[in-house]
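Here's the structure we're looking at; comments come further down.
Note that the chains are named A, B, C and D in the order they appear, and that numbering of residues resets to 1 at the start of each chain.
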Amino acid sequence: MIIVMEKTSDCATLETYLTEKGYEVHSLEGGDEILLHLIGDTTALEIQSLSSYEGVRKIVRTKAPYRYVNKPRTSGPFLIGERRLDDMLPLYIAGPCSVESKEQILHIAEKVKEAGAHALRGGAFKPRSSPHSFQGLHKEGLQHLKSAAKAHGLLSISEIVDKEDLPLFEDTVDIIQIGARNMQNFSLLKALGKSSKPVLLKRGFANTVEEWLLSAEYLMMHGNDKIILCERGIRTFEPSSRHTLDLGGMLAAKQTTHLPVIVDPSHAAGDYRLVEGLSKASIAAGADGLMIEVHDKPFQALSDGAQSLKPKRFAKLIRSLKAFEEHN
Amino acid sequence: MIIVMEKTSDCATLETYLTEKGYEVHSLEGGDEILLHLIGDTTALEIQSLSSYEGVRKIVRTKAPYRYVNKPRTSGPFLIGERRLDDMLPLYIAGPCSVESKEQILHIAEKVKEAGAHALRGGAFKPRSSPHSFQGLHKEGLQHLKSAAKAHGLLSISEIVDKEDLPLFEDTVDIIQIGARNMQNFSLLKALGKSSKPVLLKRGFANTVEEWLLSAEYLMMHGNDKIILCERGIRTFEPSSRHTLDLGGMLAAKQTTHLPVIVDPSHAAGDYRLVEGLSKASIAAGADGLMIEVHDKPFQALSDGAQSLKPKRFAKLIRSLKAFEEHN
Amino acid sequence: MIIVMEKTSDCATLETYLTEKGYEVHSLEGGDEILLHLIGDTTALEIQSLSSYEGVRKIVRTKAPYRYVNKPRTSGPFLIGERRLDDMLPLYIAGPCSVESKEQILHIAEKVKEAGAHALRGGAFKPRSSPHSFQGLHKEGLQHLKSAAKAHGLLSISEIVDKEDLPLFEDTVDIIQIGARNMQNFSLLKALGKSSKPVLLKRGFANTVEEWLLSAEYLMMHGNDKIILCERGIRTFEPSSRHTLDLGGMLAAKQTTHLPVIVDPSHAAGDYRLVEGLSKASIAAGADGLMIEVHDKPFQALSDGAQSLKPKRFAKLIRSLKAFEEHN
Amino acid sequence: MIIVMEKTSDCATLETYLTEKGYEVHSLEGGDEILLHLIGDTTALEIQSLSSYEGVRKIVRTKAPYRYVNKPRTSGPFLIGERRLDDMLPLYIAGPCSVESKEQILHIAEKVKEAGAHALRGGAFKPRSSPHSFQGLHKEGLQHLKSAAKAHGLLSISEIVDKEDLPLFEDTVDIIQIGARNMQNFSLLKALGKSSKPVLLKRGFANTVEEWLLSAEYLMMHGNDKIILCERGIRTFEPSSRHTLDLGGMLAAKQTTHLPVIVDPSHAAGDYRLVEGLSKASIAAGADGLMIEVHDKPFQALSDGAQSLKPKRFAKLIRSLKAFEEHN
């Protein structure tokens, strides 16, 4: 880390303060400024506070703020249920936004399995902007999901919104999803960090890649390294899609961490007509998988119908992705 | 609500579907399109799903999506502790980002009281982007805050991040804060909706005013109408401040709801040199109060030092605000 | 277009006003509101002004605001120089950000030709944020570009920033580029609209897809329909790339217009390590081509070196794109 | 400037390269990295290109990128027409978005003069997103503006969009405006830099404060230091106002430069109901003036009616601002 100071400022006091905190401090004077070069682990240093020390012009991190996510994986193979993640890449997760009934999820499970999906998604505890919107079938929804996945040999995944539901999720799904709105729900992250279940961590729609990786860092620091990152679009001024898919961010994440990074083109698009193009783009760019919403009667869907593909269209998409898988 | 359809599409089926859902549907044909005008409460209708019905060009809400926040207040006076909010407007809340020790919070409490603040802030459960950053003193911090507030006749406020801590908060503070990162933590909103304590609801840094009011709607629907909204800056491309204070959003909120709306210029600015200007702007524009970070040794602060005013500067600011209070 | 009005407002006066402007106005009353449905070409109507008429709740366009860009192409084949654009798709444009010397552009021309590019880019009039940055070789740069392109059988393209240079550009390049910062320089658009040269119209980094297409509309209305649209990233809060590539916007543009849409991954990324992934993504998603910066000594480049590929890496990328071209 | 390099990289070659460019280079080794500290004027150095040198971890500017805008003013008093700017602060500019007719502008001029405005605005060359929108009365409009301003003892201001119109503007208006869309039209900036007329430079809606000041730097470098900066809102995800007024950016600009900074709340708001609050906020925060749209028949305005105040409401606003002027 570098602290750039005005030559006339009281560097000595600051150096003493930092030395007492355990850092080795080198200094270099030049022109009208002095550089303090800190050697040591600065991940816990309150840079923003330090920057208010009189005479500080700028403070710059020269190292990544992580201790875990940017290190090579050391534990054994990444297992989901009894399957190795490596054998499934690119990982295809599909299903309805919400579990709406036993029949609905069973029917869609059959269709996405036929099309080649590895895992079945279906929300049971829905984080909805309005309290007047459908909130999910809760425990019953998770049980329908579990049955449908089992019936068709699919892994299952659903979003958790409250840590008190963790035992229920551990009992019913293979992957627990942390949604975009909870990416910085640190209580939830700490709880999931203690679980042995794989976690799919969505990027918040207004969070930087660095913040996203720091949320993964919470999970790893508390003991869980079975993390799948999922880019799902960020909020921008452009209205032609619901969010703006950030494939540059997906690539930047992959260059920083060993963790797998998949893409959810459905939430990024908000419109089924953009989903195929964005899916192809993601796989071609090197994403480790996709999470796609599939619904058989989109206009009657209790949530997010407009961004759902019908089963036939989904099957066709999966076939067309094969060409890109081989060359990404 | 209006559904704009292509003339050639199957309107009849959609009309039947909507009529069965209880809406009165009027239609108007003109040019190559047909308008379906829905009469009835559409706050629970899944517009996004409907928009995927074949032939739909556009769906437009003509009414606000709220049932509560846009209605006049009907319960009695808004009390915080035993004081009427109306008697304190504009409400000044001040204190350190984090409670760091018993002495620190007691000292700052004295200073902000002298300056004219009504309430003492101090975080005990800190939502930090990095797990390596200071996470707060937890229960002990809340007790220090309570003592310091009591010693100086101040109301107290602190941020909750986990609903399991609700009894502790109800016991120690006068106002419970929901932070920006938890504005759409709907489990927490539902839990706080059942509390009798006033809630300060910060706007998420990537949330629209409408989403912010819908989060207040969650609180009200579950029974709590003692809500103070707090604008604290949104995330944009501009790096000269940490966030961009959205006073237009504050004004838009005030034009929609009877709920009081205050401003946190400290988090918006991220730099103490911008805090005074933004504070004056907020009060002049008509904000119902301010929440300002105050610290006596900013560069050593365990969080957010750079945006904290020293006590003297805070006192001077409060004096200078008097001129604006009278004319806003 | 629909005007939603409060039932109690003076609709009659507004209806008369609109009828006199030549619109057919139908009205429909329901609940506490009245809908006015305007039939006719509303592309020139000042909606924003109308919305301030007393009692107007909302005004909604139901038709696209275009007269030209959303219609099928009627003139003959799209020629660039003497070559048909259709025969070159996907179109690969490559070269340095700036023409720096005769030797530099000649050398890079040779390399990008070998790699399979169709056209050579090179800026001669550079729009730079700072007046202290390199501003380009101007006329001399264009002549070097022309010679280098001719020597290697490449088409040429360069950015114009001042309409007074139009004769010079018409004399030296095959495609005239309008850069992101000039996408809404309407004087320049009108001038280029009268040229017979193909125009590459970059999307402004803060412009919506609709505004981008309206800028193309300026060109077409003034007579030039040889337009290539180019998505190059939008400005967002994310710092890991210089801009955020908006492939959803690229797809939305292609669903609206017959005009070809290519992608510039270099300016979006700002970092050569992201360029390959974003290039593959773009072609897989269905982009009509790419514009990529190539430089043989990036760190000494007079502009934008960090986002430039070295010639070998570019050649490898073009080869790897073949697999995606066939399946997009 | 600091270049942070990996210890194992070839620093010597880079040092030689930089020394030959005239910089004094000091180096400091520590941990696994080496800092190169450059002493000298780096405003013209291509940092982005340099960052691609192998082994560079980061490059950080430690000085502002300006040579002019951050220095104290040295030429004489800032005159507009024959009046000193200092005598008019805060400067109030008002009038319609567009000059629509001789009568219209004359009538509004009378009203804004009565209310206390110093200058009359009125667009004659309108930059409109759509070519189908009203484009302005051009030369005739400027002459109406000139007559109306003269008739009521007001200064006049209008927006230029093409440098070929500069003689016409110099002949008709007292202040020449560069609009948001042309903030980075560097040809126009260079031309205006050579004019002796004061320039009002609006911030682009997607430009940083630094880019805005660099555009002022273009004007100053070419000889014109009579610049009024104008903040008018930036583009964000929030739809409740047309743009988001960035008062933090206004304050940051004022802390960097001696140039006066005013605010245009009308374009920021896009809605007349937000204009008063944002005007008060701006003056209270310390803005040097306001530019406000005023129209007597907003709903019939040929542009931007919804954000225009009626004359009475404008007069009332100006009166209410007096209280804030004294205390900002």
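Rule of thumb we're sticking to: a contact is a pair of C-beta atoms (placed from the backbone, for glycine too) under 8 Å apart; a residue touches a chain by one contact, two chains touch by 3 or more.
Note that this is a predicted model, so its numbers are computed, not measured.
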So which chain is farthest from chain D, going by the mean of the CA atoms in each chain?
A
Could you state the distance in Å from the CA-based centre of chain A to that of chain C?
32
Chain A to chain D: how many Å between their CA centres?
39
Can you compute the centre-to-centre distance for chain C and chain D, using the mean CA position of each chain? Integer Å is fine.
26
Each of the following residues of chain D touches two or more other chains, namely 206, 210, 235-237
Could you tell me which shape the graph of touching chains takes: line, ring, star, complete or other?
complete
As the complex stands, chain C meets chain D at residues 17, 43-44, 46, 48-53, 65, 67, 127-134, 161-164, 181-182, 184-187, 204-206, 210-211, 214-215, 217-218, 221-222, 235, 270, 272, 298-308
Which residues of chain B touch chain D in the complex?
206, 208-210, 233-234, 236-241, 244-249, 251-252, 255, 268-269, 273-274, 277-278, 280-286, 320, 323-324, 326-328
Within their complex, state which residues of chain B touch chain C.
2, 4, 24, 26-28, 30-31, 33, 35, 37, 39, 57-58, 60, 62, 235-237
